[in-house]
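Next come the structures, one after another.
What follows is chain A paired twice: with chain B in the first complex and chain C in the second.
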Partner chain A sequence: MSESIYAFSHGILKRKQNTLFFESQDGSQRYLPVEGVRDIHFFGEVTLNKEVLEFLSQKSVLLHFYNHYGYYVGSFYPREHYNSGCLILRQAEHYLEPEKRLVLARQFVRGALQNIQAVLKYYHRRGFALASAIGQMESFLCGLEEQDTPDALMAVEGNAWDIYYQSFDVILNDQDFQMEKRTKRPPENQLNSLISFGNSLLYAAVLSEIYKTHLDPRIGFLHATNFRRFSLNLDVAEIFKPVIVSRVIFALVNKKAISSREFDERLGGLYLNERGRKVFVEKFEEKMKSTVNYKRIGRKVSYRRLIRLELYKIEKHLLGEEEYQPLLAEW
Partner chain B sequence: MYVIMVYDVEEKRVNKVLKIGRKYLTWVQNSVLEGEITEARLERLKSELKRCISEEKDSVIFYIMRTTKYSERQILGVEKGGKGNFL
Partner chain C sequence: MQRINGTMIASYYACKRELWYMAHQITPDQDNPFLDLGRLVEEESYQEEKKKFLIGDVLIDIVRSEEGKLIVGEIKKSSRSKRSGIMQLYFYLWYLKERGVKARGEVLFPREKRKIPLVLNRAIEEELKRAMREIELIIAQEVPPRREKIPLCTPCAFRDFCFA
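Up next is the complex of A and B:
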């Protein structure tokens, strides 16, 4: 029952009386019960010292930082507390051997496509004209076996995302929130900006879950491993983007919880302002905490837990115990 | 589960108890803390407290609720401690 903390105000994070203490610029002070904190997301400016980092490391709390525009900039990822040389070797093995890497990469794409299709079908049942998009997903899914490099898989996935994002216009049908086309760095319209922000939050959330397993976030399978960034969280996030991020966006836009007032134009792009980010994060957190019935273990689990379960399935695959099958959101 | 912890301890130990409580729960009023906690963490909290209080003189009470669904929180006057996961 750990919590994610989201800090929007500027302030100082301290270790005080053996727990965490946040003093914001406007003078308000809060103790955070360290035993119940999973991670802290900083959207505002924060000052912290090594003392607090040492303490967070000891308590296995992650910090995620976002810049002025809400882009993810990085994390404080404390020394691994679940160390398994064996699993790391297996993970590297599955990356280095092309056939093995392809199996996993294909499953991540399959997971993403299946869940995109599930979302489209959901709205199709409710009378939205999405039959052609669903059909296209089907043909992408059928063609997956033929793709024999991760790059080819990425290309298929890219096309699928394009079609999926196009269908946002059908589902949302809101003058203020038109998709037109997917733009990043900078997002050129409001819907693009929501997608980018939601994906950033999801990447960080998956990273926090990876920390609680033996997996190494630096070795991804669909996304190439490089010198710069974590990639396993990007792989796993693909599966959950349609399930979590898009649904949060649909809920916000359809219920008019977010409007053009929540966006600012900066650097040639449109970005959520502080109020908008708060609204988004609240809805996102609510979604992560909400539960669904999970057949595999026959009880209700939260979406956050679902991410962890997905990681355990990957661990099992790497150890050769059970072949990995991506989650299909059937609810 | 959700826990409300109230304590009445001798003055010299008030700070010690508060300090321990704050690691696990959120302070809401003098001598009152509350928050979501797991069973294991509650046991840890209790054992930490046991080491510090005098079992003859002090008392700490935990009100334990499996969920907060059937309870309601009403406040008169000011809300003293901050809650929620937004800063």
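Up next is the complex of A and C:
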């Protein structure tokens, strides 16, 4: 089984004999058996040479980079080894034809809203006052068919996220972790910072899964394609934010695994410090590896695998085989 | 129109849906452990022999001669897909015959210490021609053939794709 590696310290990544070797600034050295590495996430500074990039390309290992604040910066996406002209053409066709694009864009928003609603209902059953937020999601969902442009869908989705994030204050009820309103760049409080960081990790994780399919990550349907950066991973991540990121945050805050000591103030924003990121990443990975039952396949699959299965469903939709229905995480 | 190859013949007899996907370069999940196992079996067996012969358009696992007669072999992980392995090798024999090379075949199951000897005959040739005509029709279809749950689904690397 391949693993995601998260590197927090500064250092040099090298090819050594036939494997990977990370030498960090503080002198510690670590071999990373290349066959068991899916991707490496760099939070600290890293020095690389072309030799190691060639090696990583050959071994199909992705690199994801995050800046000083923990924001996703970009990826090293090796030249594709899964390639199907037929599928690329179908993906482009579904982008270029407005009706087809709208079908997919709407499903991504539907998936996000349904899963937001599922989280809200879960807490509602446990006595939290979320009836009005649930009702609002319902009316957004009912109105989705009327939205006839990706921008209009994005706007509805934006409103839904606002309401959802505001209900974090009901669910968490923690003085130190108040939402009030969603702020990005910079996140103005701790909770916003957690959301931004979690979303960054999710975008990269979805991208790593896209790499293992025949889909082109540059062609998104809800998030407009500009062919310079990845956008399909942003589309698919929408569905998984409530399923993965929110639940990681609730677990961390409710179990008091994270506190104001794990944040630093920088440039008018509050950001997770290295200790905080480590705690978050650990919980995130634990979530990605945990499993749920998947009826149609007849076995348990991990959350990471759920992302891959979602991508397979999209491929089948593009091939005209089976209409895409987003995952509904009812558990 | 792409040329029909041995893998396509094997897929045709195993699963027509797999055939459509393979022909459209939609390859299965490379993380599937059964694929690694298959490659390992192919690599680790018959190590003393030369392997992988590209003859025209076809890639043959093993070629050897016995008393001046040519024998071509196809290595298979298990006899679960016996029929598709047999038809794949018959296809190679037919392909060689079309080019004036007479050969016999052996489907090899090294893990089961078994082999199935094959000699091409008229009936098989007719069957192959029929299959090739149908293969062309299948891969020309707009959408892949419907999913069916068959015993071969269990170790198949397309399984999660089909059932997601």
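Worth pointing out:
Convention: the second predicted complex is superposed on the first by the 329 of 331 C-alpha atoms of A that agree within 3 Å, B and C clash if a C-alpha of one lies under 4 Å from a C-alpha of the other, contacts with A are read in each partner's own complex, and residues count from 1 in each chain.
Operating definition for what follows: contacts are C-beta pairs under 8 Å (C-beta built on N, C-alpha and C of every residue); 3 or more make two chains touch, one makes a residue touch a chain.
These figures come from a predicted structure and were not determined experimentally.
When both complexes are overlaid on chain A, the residue A:Gly320 reaches chain C alone and has no touch with chain B. Once chain A of one complex is fitted onto chain A of the other, the partner contacts of A:Asp264 are absent, as it touches neither chain B nor chain C. Of the two partner chains placed by superposition, only chain B is touched by A:Ser4; chain C is not.
Looking at the shared chain after the overlay, A:Asp216 reaches neither chain B nor chain C. Touch criterion not met for A:Asp169: it reaches neither chain B nor chain C.
By the document's definition of touching, of the two partners only chain C reaches A:Leu87; chain B does not. Within the complex, the chain A residues that touch chain C are 2, 81-87, 212, 214, 296-298, 301, 305, 308-310, 312-313, 315-316, 319-321. For chain C in complex with chain A, the touching residues are 24-27, 29-31, 142-144, 159-161, 163-164. Those residues of chain B that touch chain A in the shared complex are 1, 19, 22-27, 35-38, 41, 44-45, 82, 85-87. If you check the complex, the residues on chain A that touch chain B are 1, 3-9, 11, 17-19, 22, 24, 28, 30-31, 33-36, 278, 281-282, 285.
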